[in-house]
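Reviewing the structure listed below.
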Amino acid sequence: MIKAGIFGATGYAGYELVKILQRHEGVKLEFVTSHSFAGQWLDDLYPQAPHLLLIEGEAAPLDQVDAVFLALPHAAAAATAVAALSAGVRVIDLSADFRLKDLETYEAWYDVTHPAPELLATAVYGLTEFVRDQLPDAQLVANPGCYPTSVLLALQPVLAAGLPIAGPIIADSKSGVSGAGRVPKQHIHFVEVANNFSPYKIGRMHRHLPEMEEQIAAFSQNADAPPLIFSPHLLPVPRGILSTIYVPLSGQPNADDLHDLYAQAYADEPFVHVLPAGQLASLAHVTHTNRCAIAVTLAGSTLILTSAIDNLIKGAAGQAVQNMNVMFGFEEARGLS
Amino acid sequence: MIKAGIFGATGYAGYELVKILQRHEGVKLEFVTSHSFAGQWLDDLYPQAPHLLLIEGEAAPLDQVDAVFLALPHAAAAATAVAALSAGVRVIDLSADFRLKDLETYEAWYDVTHPAPELLATAVYGLTEFVRDQLPDAQLVANPGCYPTSVLLALQPVLAAGLPIAGPIIADSKSGVSGAGRVPKQHIHFVEVANNFSPYKIGRMHRHLPEMEEQIAAFSQNADAPPLIFSPHLLPVPRGILSTIYVPLSGQPNADDLHDLYAQAYADEPFVHVLPAGQLASLAHVTHTNRCAIAVTLAGSTLILTSAIDNLIKGAAGQAVQNMNVMFGFEEARGLS
Amino acid sequence: MIKAGIFGATGYAGYELVKILQRHEGVKLEFVTSHSFAGQWLDDLYPQAPHLLLIEGEAAPLDQVDAVFLALPHAAAAATAVAALSAGVRVIDLSADFRLKDLETYEAWYDVTHPAPELLATAVYGLTEFVRDQLPDAQLVANPGCYPTSVLLALQPVLAAGLPIAGPIIADSKSGVSGAGRVPKQHIHFVEVANNFSPYKIGRMHRHLPEMEEQIAAFSQNADAPPLIFSPHLLPVPRGILSTIYVPLSGQPNADDLHDLYAQAYADEPFVHVLPAGQLASLAHVTHTNRCAIAVTLAGSTLILTSAIDNLIKGAAGQAVQNMNVMFGFEEARGLS
Amino acid sequence: MIKAGIFGATGYAGYELVKILQRHEGVKLEFVTSHSFAGQWLDDLYPQAPHLLLIEGEAAPLDQVDAVFLALPHAAAAATAVAALSAGVRVIDLSADFRLKDLETYEAWYDVTHPAPELLATAVYGLTEFVRDQLPDAQLVANPGCYPTSVLLALQPVLAAGLPIAGPIIADSKSGVSGAGRVPKQHIHFVEVANNFSPYKIGRMHRHLPEMEEQIAAFSQNADAPPLIFSPHLLPVPRGILSTIYVPLSGQPNADDLHDLYAQAYADEPFVHVLPAGQLASLAHVTHTNRCAIAVTLAGSTLILTSAIDNLIKGAAGQAVQNMNVMFGFEEARGLS
């Protein structure tokens, strides 16, 4: 049994962490923090939540926990990470602060001076499936972004296989509204979202783009990794991401071979499901689960991957707990199925 | 051709006014105001809107218009009404400021000192169907609330007929989210509303209760008007109100007689449709129209009325223009069908 | 460990049973049947379902199970119940076949000759909270309807307390679309339901009315039980029921006393939550849980109860498993929290 | 004043035609047909519809009309077209029967023998903006498919400009549920669609692919037109299509030049709106209108077009009436704004 705390428990990802940890038999949840709602009870905000008192982050008893989850805004997360690590507490950070290895890229895209650049080198980018050997010793895990999780799990096999790619990869992604956070804003007002569907920051404008390109380069193991075009869209659903990804292959790719590549790559994965040939991924495959469903389709020489996750679970809180499980030696699926 | 202006054109009711007046061939829209968005264009907020510059209310050229519509918060509306009337401009006020004849009731429920109590006596409560003779001379019209419109149109025939009522009337009403306004708030965040349904301020707590009780007393023409129990609920749809209204009648009411009473009462009305016996009103009957659909059902001795309107049209902007049409001698349905 | 089978596993309630039993550690699911989909796999229909082969009901190995759940159309359920009971298998029937004690009432409302009227007397009406002492010996449990569950849990305390009631009770209920079943029909087409809200069979026309009136009479323990007016409405959400219930009390009821009555009645219940005074029940309190949330409000002398359940769980599959737990001596909340 | 009839008036596109023609002052609607609902009234199906009797198609008085709209299944439409043309009636066909010039392609994709192949050569593919000179003499107009309308209006300028294209064009399209028709089916049941989002027939599998490729070849004016990859998805909204289209350009395209190309191409169009640079198209720009909103974005050398229409209006009934207006010499926007 380990002890854990959650910083930023009232956002959608933070609350999802509460729900998962409550049913995880190896973890005792010691505290939950909130800056905006400190002094209130979590079930005042979420009627199904447990009756937990929200405290200020500064008041969190770091000396009483083994791990903390940071569901905080960027920059705030890094500052808290420093404090936690200093207290000997292992950190799983759901913000963007430690996802990018390149400091300049981070500061350019997030328009802030990084509070702890010295930690970038040690942070593990926590796409669990590919860093299982690093997690047991990791002190700081950067939990991947929601869009990157859906895109990178789909892209890794074809990139790692080294198949030649003929041009930019296109990820046309569609996300439910919880991805925009819980703070009320005009564009996520019910009346604005219902009956609507809208692209935003398409092309090369969204902050998740450099995060994905860093990993694509790493998967590709060469300097000539293909560029990414990333087009997010806002779906009128509360949760879920579906990415439709186009990979222009060179030569004469074979559909069966490509399906086999994926089926074998993920054959033993508890949370990545490669669908049978002929099927396509949808939100219905994954909402309220920690799964990623991936379907493999070939059109001419273009590989089309459809990849679906629940943005709050596999795209945030679920993957964070999956990482924690590996870090602390629990069964990887504990609390997640 | 008359000239008109809209104060508060960026809220949902205000924008609906813009749309209706744009297609009304007897009205030239001279100005649109907004406190929060002055200096911006209306089509920056609503992509289908005409390209109109939003100006501050203080800058509105009252000397150039014949009528103004006030889609402003209460108290602000009354202050603007005073200025407009002083300038000789006729006022159709969509706020609550002039709906209640009783000053104390207003100040108790709205928790504000009324800015212009002297106008209460002259304001016409604009449920068009029942005040057509007063509108041509009216300088100030208090446009009814959305819930009251759905409830009062349903109740008037049975109350005016003087049938004895055995106890409180119950109005169980359900409204789409646009009724809560355009300003972002937590409870109207898409994620909070989708898949949810929730009552609020039920019983005798909502501000529309005294408005309805004043009119019920007027319809009843006696001191023994039944009390009202009013239960609003928030529906996960953008627009529309359905009220299910229970009137406990004394004696042995007859279903056919009741249906006849309603059919005759509204036989010549362009916007009130009494449905054939056996049918029930739904939002699908009325959204995007100025109609009120009313169905008459009897269960034992309880009369059940289902009454549906579009809260932004018959419940706000449409009825306001309907009132304007009668005030200025236009055909009543002009711009509304 | 007991063994169980599900007849009719592909409807929404049947599939919910599969999900609950899969995580119930005391039950082994032996078979799942479907008439329309026999020979197919459950996960062909529901992408998150376990990989279970659907068999014809006639082929179900009754000799290998201890209990069966019937999620079948009425009349078909009764015929299967007879076969199961003959084989010594205990039955939890989710259809209407054994809910009404009065044969004539059943045959009049369901327009069918009852296939097994001799079983009506022995069937236990399984509103678990009130029949815990009868369940351990019960061979046949009639699981309550979804609307009745939401209404009866709310009404029982005030009726059992014997407070005088001044007129008909009104239950204005709103249900998500899964209550209409999985078979495609025009009125549950997405385009018909989205943005709409509609009453149906209001007053005294819905089949759940006699079921509720039988229980109201039983709770009231006298011949003068108040009549019920029941108004169901179709909500544009997949799941959940909210009932707003009006009980006209005689005399001068006290709000605190009424709240105390409810708080005490359900103080020890794992699944019935009486909300603090001032709060109201909503779907958000209960969806995806086996809970019933009840709020107590007083308006004049009218008691207003808001009562929310998930129609597929507490209103169907969850309550069925709750009954099974008591029947077989499991902890009552097993598999349900 | 001309006279017109609608074959297949009860589907979503057919009913939209009724609504548009009812407000078109130059057209008298003579008849509406329905095979499934003949003998019923249109307002029995659609509560806001006019009170029109539905007749069998065979009973339609072709001798009394100048034009007919065919909103029928494929093959049935062609047979009706033959009868109408023989009677001297001009035909606007909303089915796929006359969209493809190549008979073999039609028969391969639609798996039917074409009932009237001799008419293929004379049919005008009615993307109004590009065939205005042919419409006044056209006897038979093939109204474009909904997806093709959104994609082709977006692609025409870049293709007609002859800019070199480096690989396949990708159209990632998302459609509201009305595109799947009004007949109830499992995958468009409210419970299946709500909270879901799903791709279907992606790559080179959807029947609209050959229709688009024929037009792309025509726009390109050469044999080397790029292939198309087309990925439709089902959106949980009633209406609207948004296509996100990726065109890989050769060389070093310039964003301003591309925007200018589009702005000029559509400068005088009443229904095609090229959005200002920096904006993106969304369903909110177009639902309930005959507009197509197109935004032009450049990412590296990939042109990204976002193109939105209302699938039932510009994608079906609205474009059909737009075609009729040009055919009969009415102002093109008559009845459509």
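We just call them A, B, C and D in the order they show up, numbering each chain from 1.
Everything that follows uses one rule, which is that contacts are C-beta pairs under 8 Å (C-beta built on N, C-alpha and C of every residue); 3 or more make two chains touch, one makes a residue touch a chain.
From a predicted model like this one, the values you see are computed outputs, not experimental measurements.
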Could you pull out the chain whose C-alpha mean position is farthest off from that of chain B? A
Larger contact count among A-B and A-C belongs to A-B
Counting in whole Å, what is the centre-to-centre distance of chain A and chain B, each centre being its mean C-alpha position? 47
So how far apart, in whole Å, are chain A and chain C when each is placed at the average of its C-alpha atoms? 39
Junction residues of chain D - those touching two or more other chains: 192, 194-195, 236-239, 282, 284
Inside the complex, what are the residues of chain D that reach chain C? 12, 177-178, 182, 184-186, 188-195, 236-239
Listed in rising order, chain A residues that touch chain C in their complex are 47-48, 194-195, 282, 284-286, 288-289, 293
Note: in the complex, chain D contacts chain A through residues 166-168, 170, 172, 174, 192, 194-200, 202-204, 227, 229, 231, 233, 235-240, 242, 244, 246, 248, 280-284, 287, 297-300, 302, 304, 306
